[in-house]
Amino acid sequence: MNRVLPYPLLTAALLLTWLLLTSFSPGQFLLGAVIAVAASRAMAALQPSKPRLRRWQFIPRLAGIVALDILRSNMAVASIILGGRRRDRVAGFVAIPLDLRDKTGLAVLACIVTSTPGTAWIEYAHDTGVLLIHVLDLVDKDEWIALIKNRYEASLMEIFE
Amino acid sequence: MTHAMDLPAWAAVLTALLVVLGAGLTLLGAIGTLQFGSFFERVHAPTLGTSWGTGAIVLASIVCFSALGLRPVVHELLIGVFITATTPVTLMLLARAALYRDRTEGDANVPPRSLLRSPGGSLSRDRSSDGPGESPSRDPQTPEVRPMTPI
Amino acid sequence: MELYTLLVIIALPFVAGLASILLPSDSRTPATWLAGATTAACLALTLSLYPSVHGGGIVRHRLEWVPSLGLEFTLRMDGFAWIFASLISGIGFLVVLYARYYISPEDPVRRFYFFFLAFTGSMLGVVLSGNLILLVVFWELTSIFSFLLIGYWHHSQAARDGARMALTITAIGGLALLAGVLVVGHIVGSYDLDAVLAAGDRVRRHDLYVPALLLILLGTFTKSAQFPFHFWLPNAMAAPTPISAFLHSATMVKAGVFLMARLWPVLSGTPEWFVIVGLAGMISLVLGAYLAMFQQDLKGLLAYSTISHLGLIALLLSLGSPLGLVAAIFHMLNHATFKASLFMAAGIIDHEAGTRDLRRLSGLFRYMPVTGTLAMVASAAMAGVPLLNGFLSKEMFFAEAVETHADSWVDTIAPYAAVLGSALAVTYSIRLIHSIFLGAPPPESFPRAPHEPPFWMRFPVLFLVLACLLVGIIPGLTIGPFLHTAVSSVLGDATPEYSLVVWHGFTLPLAMSAVALTAGALLYLAAGDYLERAEKPPLFGRFEGQRIFERVTVAISWRWARLVEDVFGTRRLQPQMRLLVTAAIAAGAIPLLASGLSFGTSGNATLDVAFAGLWAVGMVCAVGAAQQAKFHRLAALALLGSTGLVTCVTFVWLSAPDLAVTQLVVEIVTTVLILLGLRWLPKRSKALLDPSGIFDRMRRLRDLALAVLAGAGMTAISYAIMTRTRPDSIAGFFVERAYSEGGGRNVVNVILVDFRGFDTLGEITVLGVVALTVFALLRRFRPAPDSIERPEQQRIQRSYDEAEANREAGATAAEYLYVPSVIMQWMFPVIIVLAAYLLLRGHDAPGGGFVAGVAMAAGFILQYMAAGTAWVEERLRILPVVWIGVGLLMAALTGIASTLFGDAYLTSYFRYVELPLIGKVPFASATLFDLGVFGLVVGATVLMLIAIAHQSTRRLRAARLEEEREQEERQQWS
Amino acid sequence: MTANILPWSVTAAQIMLVAAMGCYAYRVVRGPRAQDRVLCLDAMYVSAMLLALTVGIRTGSQVYFEAALILAVLGFVSSVALAKFLMRGEVIE
Amino acid sequence: MELTLAIAIGVLTGSGVWLVLRPRTYQLVIGLSLLSYAVNLFIFSMGRLRVGAAPLLGADGTGNPSNYADPVPQALVLTAIVIGFATTALLLVVLLVSRGLTGSDHVDGRESR
Amino acid sequence: MDWTQHLLVVPILLPLVTGAALLLVDETRHTLKATVSLASMLLLLGVAMKLMGMADGAPGGSGALSSSYAVANWPAPFAIVLVLDRLSALMLALAAVIALASLVFSLARWHRAGPHFHTLFQLLLMGLGGAFLTGDLFNLFVFFEVTLAASYGLLLHGSGVFRVRSGLHYISINLAASLLFLIGVSLIYGVTGTLNMADLAARLPAIPAEDRMLLQAGAAVLGIAFLVKAAMWPLGFWLPSAYMAAAAPIAAIFVVLTKVGVYALLRLSLLLFGSPAGELTGFGGTALLWGGIATLVFATSGVLASQAMGRLAGYSVLISSGTLLAAVGMGDATVVSGALFYLVSSTISTAAFFMLIELVERAREPGADLLAVTLEAYGEEGDGAKEHEDEEVGAAMPGALAVLGICFGCIALLLAGLPPLSGFIAKFAMLTGMLNLDGLGAPSEIPVRTWLLVALVILSGLAALVAMMRTGIRTFWAPLESIVPRVLVVEVAPILALLALCLAMTVGGGAMISYTDAAARSLHDPASYIQGVLGTGMTGSNVR
């Protein structure tokens, strides 16, 4: 199984992509399956670190949280831009020591941080596990550390580790 | 725009709202890039467009075509997914490059390398040092214009 | 039988010449036999035709060559041609006999006889041509083979120079002759000699007569070494003496006067002919004789004498009187006889005494009395002494010179010039005899001990001298009938009464002869010693033709040519680009300005604000790119990308989704490509920052003006088209049949893979070829010294790693890419699926093989960027060249399949296939074609990108080797 | 009113998106940092993608979906290359 | 719309022409790329401009040609894009090799004067 | 469908398939690659000859078109059609002959000088075949590009500073020219709505007056693109350097490339602006004539000013171009017939020249050129040298050098247009045509420009002779210590074969001229071409 379907979840996702792109018909299912298997085997050739998805049922919850957070941040940043330089706003860097080590988890965290307006992923040292982010409107750095660690890192560690 | 007639009113209104919302957010982000004084601030601005700016317009498209075709059309979601997945790559690399450049030039406003090497280090404030008045010589193409101070 | 005789006469020398090349290299005797037999055969064949030409008959042989152009291989022998053919082959035979003893065994004999025989054949061709173009062909051949003969001893600078000069002059003449003949052909409407000879009146009355005359005379004068083209002839004396004897007596130079006589009925008799030919002849006559007196080289003396005698013949021809022509032809024969014998005698002297220098030769008579006697007789003939043939023709010459032919000053001075020239001829003839044979032997001995040559070497001289005597004494019995045949063949009914006898009574010509003889002898008595010592002729000493010729040729063919090349040409790219742009603007503008451009009214007149804004952005980016490209390469690249993006949106906007996607993927790959190259470009240097002077600013202004003009032109034209109504176009056909007959809903894609699949086949070939070229070029790439070093960023980032003890090299780089590379790798399968989607949907939706291929390639590139070349290539073996080959074959062979069914190449098949479970599936053979496209594009794009990317690793390898070597050296020295 | 709301709003959205592109273009032209240029180029790709989607809505046609999809999936490749060039001085090592 | 595009074509052409007359190889590459855009748009414009009329046939596959944008210029532009891409790549590599061999990025391989 | 019909596509497909298949053969298997390549080339030559026979045997006399072939089986004005007539068959055969010679020559060493030589070479031929056969304007562009792309690769084959530098110029200029090509073609499409040449010609007379200047502008811009390829002054300065830089067999096949530009000009100017074109008749002819004259003047100077043999050969190509352009510009069937003969003859001889140059220069030291030419041209040799040289009388010439010398001499005659080789017939045919536009014997006024052209054609030959003589004497006669060149049979044989062909063209001049006469006459009869493409053949019958 492992040699034929090295990444079953990936294959499924790709097949879903294919079906979304074309149509949900038996023919497309067959064709999409063939292509998805081929693509995952190509991926296997590259041998990236295999993610261990332990509890994928947490994913929708995280997604919902993130979507809402992003929406809130959107408004916040929009108001900053609309407000111009009237309000005294301080931007700054925050260093966050992370416990998450899974590469894929980190990548997802990067997506979350980046997609959230107002925070930017700047630098991550994988030997020490320290993440440097830039915050547009920095009031309290500990609040940010707590936000990242409790709200996202914890969920991600549940999913990936 | 012949098809606009075919659209149910609720869908038309919803689509219109979403489209304007997405475009507005994107425009705001773009204005942000003009407004913000430093690169690290400017990094934040386009994410308005890549997050809900994209999201709203993708939703608008889904609503519009689903209503037109009378069956759910959701493949636009893929666009949202891929935008979310790919945007960070560029931003991470750019931020890293900017950080590296500032550090080599001895800019005190960016945290030093040592910060990450020792967990729980201090952080510094960004005082918008690189405003638009700066010379364009900070492109890596002209390193000889500004002498390097290797660490 | 008689017909083929002419052909054999011409062909035999060429065939024999080629045969002589095939002989073994040491075959002097066989080659001589071959050449001798050939010339003898030619002579015999010619003689055998005498009965046919005797009574004014003409032998013709006509072969078709290029009939539509009036070029026929027509051979034509009349009396005149007959006598010349006899002369050529007869003297040719004697020269072969002579050369047998003259040419040394060390010389390349085969080459000698090949050139000689070919030259003989060409010369026979000149006299036997019945078509003027054919005559020109043989004429040029004589130039070429005489060039080779003169340059026979090519290790000698003199031979090379002489040959070069002879060919240059005679080739100029030959080409002029060609032009002249073309004009004559235009006038007459035929190049056939008979037709031309019959059209004399028409030619002379024609507006183009003078140009034709000038051109033809340019040809004959150069060939016959007439003033002012005489100077090549003395330089041609670097040829072996048998060659000189042949070229300068009976052949080469005679071709010129032969042709003047041949065309005499057509061209002569006009004032132009009289003045030009007469003047040139007269000057050549006197000047040649004058210069001959002062020569210290025996062959030089004979050469100038030849010029003089040719001048005499030309003067005779110029007169336009039939008797003049008779005299001219007669003197041609006489001159050939005595001059050939004199050249051969000169060769014997040179051969036996080892020198030809008149100052070093003296008293030779006692060593070689027989040769001496013969030379004396021949000289006497040359001087025009009675009882020798030269006397007879000279008498005729005097007789004609005193006649009045045209009332002009040339006519008036002709007799005086004639006497003067003859007197000088007497002087140099006496000098020749006296200086060589008489007096005491020189104090220092000759280079070789002189003695009589072998009998057979002397025989040709003897034979010719006897001929001089016989003709001189009994002309009527010897040459008379033949001369008459020749003359009457030229003149026809106009042949005059003339008598060939030694004694005409006391006449004015006799008196002139006497005066010339006496004056010449007295002149020698008075100035003989001076002549012996003179370094250069006085008066005309500085008039050195050779020097002038060299100067002129260097000026025209070298300095002027270089000047023209420099002024009107360039080897720099910028001016070429500027010219190209200017030409294009002019080409587009001239028709528009000439007729006035009008705009139409069709099209969407409303202003779309968003679209206008989009292009405001696009134009800012384009101008920005233009402005930044010099100093901010990366900025320019980003701006170029932005412009491309705007273009891409435009395609979306204006109903061209296929273009949009294609533009987009190409845009992406191009950006990566240029970025890959950016690393190897030099740092910008301060020195280039500012355009320095006013000229630079002017130049920039001019370029700006060109740019604005080009832009304005494109705007005007495109606007004019866009506002016009669409013409009835071929597009409708495609839209109507794309689905019903092509099996695809995406009309553009159906056009690409079916309707115009041939274009696509070519287009992907271009891509494949370019990829292969890039690959080949980069295999030999070596970076400039200043880009071998690692980029600055990498050096600094490495220094971080080196600063910390427990960090290995490259850790910082790895850290930077730690998270981004994860996402980049996860995108790989996604891109594969996307590529598959684009490929398979292409026939019905935007996409297709090309886009899919580039997308796939982008996926590969992403992996290279994420993890580096080595890492990827450890895991993926891509083999791009195989992809290219297979893709191309697939695309090509899909099309070939249809030919097996009898249909045209690339005919596509399309049907729905009913599959269980799946249902109706469209199947078009064009999809297979598109698959080929896909394969090729993946291969080509990856090959190009990877080839450039590989340079970095090669550079690293090279740098490492360099470091190691340096270290070794350091160790060695320490 | 509802019949017109969609055309008008889509037109307005397009104008806004184009204005956004204009802002980004300003940064691509002026910098000041090379990073700014690349950042804004990347943002322009997204805006262009959104523009493609609005064209699709405006014309009621799905045929522009592929263009938007490719922009979304591959648009980042060139910006990544530019960013990596800035970071490492070389795109592929 | 027509005027906008016409002016855009002109500006792209002008920028491109300006660059191809410059002495640096890099300017040449960028210039030729800009010219390619200009020419592609020009070819495209020869089919006249249509909004919302992409030449993709409906489900039944029949079409009235007047309802669709002219597909022929689009096909031509596609070919031109591909060929332009190939030749740009080639020119780029040649200029790299030239730079490597001559040490200069001048179009003549050496600085003028 | 008659199988011979398929032969029309073979000159394109055969090289394509061979080239693609050779990519799958390992680079180290030189012999296999060479064998396949050579076999394919022989086959191609055979097909080209057969096509020439088919074209010449066309029914219905001079004007009729041999055959056309609708690729992908779509009817003529809509899809791409291949058209065979005497001209295209002649060009194909010429290309095949030169290609075969070059290929054989390259087998001595060049085909191993870089990767994928045979593929590039085959694909170049594919491009040439397509360019000569296609009847579609845009398809012509595509095949031009195939040809050019392959030529870029081949020009750079073997790399090196000079090659790369002149390659950069060559590529840049041709890229710019390709853009002009596109502008021209699309503009023509925008006005007329068609790309098929015959259809275009048929539609031209009906173009409304207010659109005519746009069409003219398009045609003129297109013409500029062709003129760049044909290297007309002042658009052809890239040529001498590029051809000089290319490896010998490459330069030889490149000689055909300039003729593609001439071919396109000839084909299109006579088809589109021939007699039935109404207001547009004769468009551009004057420009071609004067451009050709300017090219001739410049190239003549260039030939004289050249020191290196390669550059001399390059300028000879320019002379040939200038002559042909001017002849095309005269627009007369007799002149064009002569020009076609000249085209073949000059192409063969220059190609042979390029190959010979390598063999000759192999034996010479670098720098000898410069020294010798300055010395001899300025007559500055010392007398001492003269004396010394005189003693070396009669040294035997080594056999190889003699063969090379003979070849050189023949080429000099060909370039100069001197008898007995075909160069003379070619020039004579052109000149006699120019002077007798209405046929030999028909009285006609000869304008000054014709005289000028006649003079230039003759003088350019003289210049070639002078330059060749200077070079030849320096190379073969001057007693510089020359090493006996090491020459292989595969290198000399193609040169000799090409020269033999020239000799054959002299002897068989009549047959050849009657072929070119017929070709020229049919070029001047566009109506039959149009009818042949649009009206008859397999195109009409096979519409699905």
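Think of it as A, B, C, D, E and F in the order they're written, each chain with its own count starting at 1.
The criterion applied here is as follows: contacts are C-beta pairs under 8 Å (C-beta built on N, C-alpha and C of every residue); 3 or more make two chains touch, one makes a residue touch a chain.
Just so it is clear, the structure is predicted and the values come from calculations on it, not from any experiment.
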Chains touching both chain D and chain E: C
Partner chains that chain A and chain B have in common: C
B-C against E-F, pair bridged by the larger set of C-beta contacts: E-F
Chain occupying the most central position, where position means C-alpha average: F
Most distant chain from chain F, judged by the mean position of its C-alpha atoms: A
Reference chain C; chain at largest CA-centroid distance: A
Chain centre separation (chain C, chain F; CA means) in Å: 15
Separation of mean Cα positions, chain E and chain A [Å, integer]: 38
Geometric centre distance via CA averages, chain F-chain D, whole Å: 49
Overlap residues in chain F, where contacts from two or more other chains coincide: 138, 142, 145, 149, 152, 156, 159, 164, 168-169, 172, 176, 183, 187, 189-190, 195
Residue list for chain E, restricted to those that touch at least two other chains: 20, 25, 42, 45-47, 51-52, 54, 56, 72, 79, 83, 86-87, 90, 94-95, 97, 101, 107-108
Multi-chain contact residues (two or more partners), chain A: 17, 21, 107, 110-111, 121, 124-125
Complete list of chain pairs which touch one another: A-B, A-C, B-C, B-D, C-D, C-E, C-F, D-E, E-F
Chain A residues within the chain B interface of the complex: 17, 20-21, 70-71, 73-74, 77-78, 80-82, 84-85, 90-95, 97, 107, 110-111, 113-125, 128-130, 132, 134, 136, 141
Chain C partner contacts - residues on chain E that touch it in the complex: 1-27, 29-31, 33-34, 37-38, 40-42, 44-59, 61-65, 68-72, 74-75, 77-79, 81-90, 92-97, 99-101, 103-105, 107-108, 112
Residues on chain C engaged by chain A in the complex (per definition of touch): 815, 818-820, 822-823, 825-826, 828-830, 832-833, 836-837, 840-841, 863, 872, 875-876, 915, 917-919, 921
Residue numbers on chain D that touch chain B, as the complex places them: 2-10, 12-14, 16-17, 19-24, 26-27, 30-36, 38-40, 42-43, 46-47, 49-50, 53-54, 56-60, 62, 65, 68-69, 72-73, 75-76, 79-80, 83-84, 86-87, 89
Residue ranges of chain B in contact with chain D within the complex: 1-7, 9, 12-13, 15-17, 19-20, 22-24, 26-27, 29-31, 33-34, 39, 42-43, 45-46, 49-50, 53-54, 57-58, 60-61, 64-65, 68, 73, 75-76, 78-79, 82-83, 86-87, 89-91, 93-98, 100-101, 130-132, 134-136, 138-141
